[in-house]
Structure formats: structure tokens, C-alpha cells
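The structures considered in this document are given below.
You will see two complexes here that share chain A, one where it goes with chain B and one where it goes with chain C.
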Partner chain A sequence: MIELKNVQKQFGRKKVLNGISFTIEKGEISCLVGVNGVGKTTILNAIMNLTPIKKGSITIDGKPLVPELYNNIAFIPDASISLPHFTVQESMDFMNDYYDTWNVKRAKDIVKFFRLNPSDKLRDLSKGNQAKVNLLLGLALDVDYILMDEPFSGIDIFTREQITEVFSSYLVEDRGVLITTHEINDIEHLLDKVILLDEGTIYKEFNAEVMRETEGKSVIDVMREVYNG
Partner chain B sequence: MKKSLKSLLNLTAFELDRLSKFLYVLIGLTFLSNLISYIVTPMRYISRMNEYMSTQSASSQQALEYYNRFSFYNAIDTVWIAGPIAIGISGFLFYAVFIWYREWMGKNTFAYRLLMLPVPRMHLYFSKLIVIYLGIFSLITTQIVSLFIGFQIVSAIVPGEWFANVNALQAIQMNPLFIYIIPVEPMYFLGVNGIGLVFIIVLFTLILMERSYSIKGIFMGIVYGAAALAISLFPMLISDIFQNQYILYDSEIILILTFILTLIAITSILVSRHLLTKKITI
Partner chain C sequence: MTVIFNKRDPIYLQVITHLKKLIVSGELRPGTEMPSRRQMANQMKINPNTVQRAYSEMEEQRLIFTEPNKPSRLTEDPAVLNQLKKEWLNQAIDRFVSAIDPIDMSLEELLPLIQEELSNRKKAAK
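Then we have the complex of A and B:
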């Protein structure tokens, strides 16, 4: 379980996170939603120790994040994080060199699923295909937790459909997934938990399906209520 | 332990691969520039000698009395030799900064990948430090090899009776630049490289301060760098500060300086470790 307790973070004088607490369980898909600048990416960066927090604690299976734990948690940011002159294959080889949990067979499956060409250089790929490589490099790790930052950002509808397929595939099965996205419609039916952020705090935490059944509201409806007043 | 060492070696090899193009350019430039010096300088000498003999109707002996014998020292005391050394030093200074900032440059932030590797983050630090020194030593080796090749070239070009009996090693020892960069005088070589190493370690700390605290980090870096410089200069200024009440021998100054530089290096590495593991921000 990933557990955030009273996490606080400020940039200069601006408080971005103000007492954020939630958990991510294995086998659960959770989604952080909120308008731009509400702190979604900061939370993911903080979990991965890429942005130090001011107060609070973040633990993974009860332990603070130490380098070895990067073998058990994958972060897929919304920008390409491999070297542009690398080919897809070189990016995979790089991962294989450092991660004990790199699964070669699964990587091959994902390359096939996304129809990527291993000899293509990353700098020559379209934004959609770069997003697929990012997913490949995260999903081919045998990890318990996956964090994804805006996986649908700036990509075409067909790529989006392909990526959406990932969420109902074995690739995320039994893993704890935390995703941030504006394109909530595409994956709303797959979500176990929605965490709605507003002004650095958790405004509401709910199950999307239960919300729809009990109150007849979609996640977008709840967001409209919050952000439109 | 074995796994940790393997990941450090992997990272070092990876960084070395990224440095390779830059290093090949510097090595090529050094060789080419040195070659120009080894050929052009003796040719000019021969041309001057011949011109003197023909215009003055002088003998070879008289020309020698006028111009002196040509030694290998003349071939290495030129801008063609000093130039690539200066370029190499400034190139590696630039690279010591670039080696960190390139990870954050552009829209593809490779710093994400590096900081999320399941290896101690200090491995990133040491791999970058090791690679800079591997680069510097590669360039020094190039220079040494070039000097010995150069000696053969020069001695082949200059007629024996015009060539002074100064071998390559003697010529290098006479050159004020080479006694610092080539290990012919171990104390000078160790001193210069030791100071250089501490400088790069402090520079890394300043960069990590900026990467951790942004603008505030720049001010912290300036203060830290100025403090490190002031402390390093202290042994040399003791006699001035105490108005000649305490005068230290050179050996004592070197001993105090070594102690201070070691202390600065250790402190900087510890500060860098703290920044890299706890404060660095994407």
C-alpha cells in the first residue's frame, strides 16, 4: 500500500499541497482529478521523491522510499524521459541494465501490442508513440505500483483507445495504479477510486461506480459542482 | 556490494559513452594542433636559417651562432601546444556544469529516469565525477603520446647539426605549462589535480544547490563557493593577517592547505549527498 499522511508542499509562498492523505492499494485503480495547477503532478513527484515535501510522510508498503524500492514502483510521466537519440530497443536495454524487475517477455508483448518498431529513434516518434514508449518502459516492470501522469495528454483518439485498453488488460492487473488525467470519460468505468483535489486539499474521495448508482452523477458532474461553485 | 559496484560501473560506462564525442573532438584537436606545431615550427626555423645563410652569405655555423640550435623545447613552446591545453581545461570546466544541466534540458527530462533508478543517487554523482577525470586523464595521455611522437617528427625534420641535444623529457620539464599537467614532477601534478578535483567537487555542490533551491540555491552557492575559496586561501594569507607575527614555511602551508582542501571536499560531498537524496527537484 502507498500511504500519504498529511503531505504538505509549498513553492515559494504558494501552498500547493495542504495536508493530503490517502492510500493506494494493490489491485485498485485510483485517479487524481482536479483543474490545472491543483497539485496532481506534484503528488506523483512527491511519491517518487522527485519533489521533496515540507511536512508529512509517504510510505510504500510501510517503508519510506529508498532507491531499491524503485524496483517496485513505476512512474510514467507525461513527457518522454528516455534519451531522444536512443532507439526504442536501447531504451529497453537501459531499463534492463538497472532494474531487477524488468520483464523482457512482457516488454516484447507491449512492443507488439502498441505496434512499436524497436529500431526507431525516440526523437523521430510522434507524441502518441512517445507516450506509448513511456508506457512500455513503465509497464514492462514487474512492479506492485504504477503512477501515470496524464497518459492521454495531446494524443490522437486511436492511440487513446489503445492506451485505454491497457487499463483493462493484464498489464495493470493486481497492481495499484494511480493516474492523473483530464480525459476522465475514457476510463471512468474502470476506476475504483476518485480523489478530487481542490486548492491543495482533498475535496472528496469516492468510488465512481457507487457515485453513479447512488447519486446518478458522473465524475465530470462532481467536478462541475466543485469547480463551477 | 557487488551489485552496487556493478551499477556504478554501468553508470560510469554510460556517462563515458555520452562524453565520447566531446572527448574525441578534444583529442583530435590536440593531436592536430600539436602536429602543426611539430611541423611548422621547425620548418620556419629551417627557412630562417637558410634565408640567413643565403642573404648574409653566411655559413651554417654563423647562422647557428645567430639563431642558436633548434631544440624540442622550441617546438612545444607555441600557441599550437598551449591552445588545445587551454581549450581542454575550459572544455572540461564547461562539461562539469553541462553534465548536470543537460539532464534537465529540453522537454525530455532525462533527470526523471536517472533519479528513479534503483541505485543510490550518489552513484550518479560519482559516475559524473569519475567520467570528468577519465576525460581529463585521456587528454593528458593524448598529450604525452603526442609529445613523444612530436619529438620523432621534429628530430626528423631538423638537420642533426642544427638540433640541440635536449630530449623530450627535458623539454617537457623546462616548459612551465607541462610541469603542472604532465606527471614529470609528481608534487606539482598531484597538487594541480588535487586542487582541480576539489574545485569540481565544490562546483557540483553549487549546481546541486541551484537544482534543489532554485534562485535561493544560487545565493547559497555563491556564499558556499566564496567561503570555500576564502578558507582555501587562508594558509597563504596567514602572515599578512597576523602582520608577519606568524610566518609559515612552504611545507607547512602545503600541509595546512592539503588538510583544508580535504575538509572542503568531504564537506561538499556530504552536502551534495544530502541535496541529491533529500532536496533535488525535477
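Then we have the complex of A and C:
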């Protein structure tokens, strides 16, 4: 479990995270939802220590996040994590050289799953296929936790469907997944936990299935109440 | 297996209803081996935890059973299967009666209409 407790972050005088607490559990898909600029990416960056936090704590399986423990987390950012002149294969080889946790077999499976061509250069790929390569490079790592920043942004519907299939596949089995998105429509039936953010605070956190069962509301219904109400 | 889920009812209940329909229609034979929760999740494109919940619920209703280290299977118990058919029929009748309730019609007027619809469907199926 990754646990955030009262995480605070300021850029200059502007408070961007104002006491964020939640957990990412293994075997669950959690989703940070909110309009642009509410701090979704800042939270991921804080977990990865790409932006140090001012107050609060972040622990992984009960231990403070020290550099060695980051090899148990894959961070898949919104932008490409490989180089444009690399081919898909070269990108994978690079990961293999750099990361002990790189799983060659799983990488092969994902290439097949996404119908990617290993000899294609990244700069020649469509935006959708570039997003798939990004996911490939993160998902093929043998880690317990996966963070994905906006895996669906600016991607056509068919690629979105393919990416969505990842979440019900063995590729994320038993791992703790956290994704950020503002496009909940395609994925709400796949989520366990939903965390609604607003202005650096958590407005509401709930289990999507429990919400449907106890209140008969879809995730979008709840979002409408929170953001329009 | 493509199932369209609505967004407001618990998905696990929708999964159970879908599987019950396959059982009462005979598409899933008694004793059939069930896909693993991962396979089912992938086929239906839903969260594996949801399938897990649906399977446990169906196990409680004795519709499926699991022996140690074996895949789950559909029940072959005629009592359970008959009970399921009864339950399915009762729900269908309940929905039908609620739907026609606003129209004031007697059973005598309805019966030939139902019979006609049934025979039309049988013809269409051929």
C-alpha cells in the first residue's frame, strides 16, 4: 500500500496540495479525478519525489519512500519517456539495460497486445501508438505499483478502448494502480476507488461499486453533484 | 461476450443477471467450467474484483461451486436450476404486469396477443 498522509505542497505562495490523504492498495485500480490544474499531476510528482513536498508523509508498504523503494513503482507520465529517434525495440532495450525489474517476456506480450511494430521509430508513430509505447515501457516493469498520468488524453476512441483493456487484463493483476484522468466515461466500470479533487483538496473519496449499490449513482452522477453543486 | 452495462446499477449484479440469463436459456450447460475471474473480467472488460464479487455471490446462491484447486463450475443440481428458472419467470412476469398495468386489459384480451407474439418469435428464429 502506498499511503499519503496530509500531503501539502506550495508553489511560491500558491498552495497546490492542501492536506491530501489517501491510499493506493495492491489489487485495486484507483483514479484521481478533477479538472485541469487541481493538482492531479502534482500528486503523482510528489509520490515520485519529482517535486518535494512541504508537509505530510508518503509511505510505501509502511516504509518512508527512500530512493531504493522507487524500483517498486512504475511512473508513466503523459509525455513520451523514450527518445523520438529510437525504435520501439531500442526503447525496450534501453529499459532492459537500465532497470533490473524489466520483464522481457511481459514486454513482448504487451507489444503483441497493442499490435505495435518493434522496428517502428517513435517519431513516426501516431499519437495513440506513442501513448501505447509509453504504457508498454511502464507496464513491462515488475513492480507492485503503477502510476499513470492521463493515459487517455488526446487519444482516439479505438486506442482508448485498447488501453482500457489493459485494466481488466493480467498486465495489472494484483498491482496497485493509480491513474489520473478527466475523462471518466470509458473507464468508470473498471475502477475500484475514485478520488475527486478540487483546488488541492479531496472533495470526496468512494468505491465506485459501493456507490452504485448504496446510492444508485454512477461516478459521473457524483461528479456532477460535486463539481456543479 | 459483449455485455452493455448500465452505469447506475452495481456491475456485479449485472454480471450475475447476465450469467443467469445464459443458464436459463441453456447457453451455459449445467456443469460447465466457468472462466477464471481474470478471463471473465477481460472478456467483459470489467474489474476482476467485480467478477470475484459476482462469483462469490453465485457460490452463495449455489449456482456455481468450486472444488479445491479446480476451476469453478456451474451447478448440476436440478433443484437449484429449477429454482433459478422460477425466479427468472417471476421477475419477468412482474416486469410485464407492471408494464401493462396502466392499460386496462383483461387476461382474456391479453392471452391471444401474447400467443401471437410467441409464434412470431418462433417463426423469426427459424
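The criterion applied here is as follows: the second predicted complex is superposed on the first by the 229 of 229 C-alpha atoms of A that agree within 3 Å, B and C clash if a C-alpha of one lies under 4 Å from a C-alpha of the other, contacts with A are read in each partner's own complex, and residues count from 1 in each chain.
What we mean here is this: contacts are C-beta pairs under 8 Å (C-beta built on N, C-alpha and C of every residue); 3 or more make two chains touch, one makes a residue touch a chain.
Here the structure is a predicted model, which is why all the values come from computation and not from measurement.
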Combined model on chain A: chain C and chain B, fit or clash: fit
Three-chain overlay, vertex chain A: chain B-chain C angle, C-alpha, nearest 10 degrees: 160
Touching partner for A:Asn117 - first (chain B), second (chain C), both, neither: neither
Touched partner set for A:Glu28, first chain B, second chain C, both or neither: second
Which of chain B and chain C A:Ser126 touches, first, second, both or neither: neither
First, second, both or neither for A:His189, with chain B first and chain C second: second
Contacts of A:Ser57 with chain B and chain C, given as first, second, both or neither: neither
Touched partner set for A:Glu173, first chain B, second chain C, both or neither: second
Lowest inter-chain C-alpha distance for chain C and chain B in the superposed arrangement, angstrom: 29
Intersection of chain A interface sets (partners chain B, chain C): none
In the complex with chain A, residue positions of chain B that touch it: 7, 10, 14, 106-110, 112-113, 115-121, 278-282
Chain A-touching residues of chain C, taken from the complex the two chains share: 5, 7-13, 38, 41-42, 44-50, 53
Chain C partner contacts - residues on chain A that touch it in the complex: 27-29, 164-165, 167-170, 173, 188-192, 209, 212-213, 216-221
Touching residues on chain A, where the partner in the complex is chain B: 45, 48-52, 67-71, 75, 77, 79-84, 94, 97-100, 122
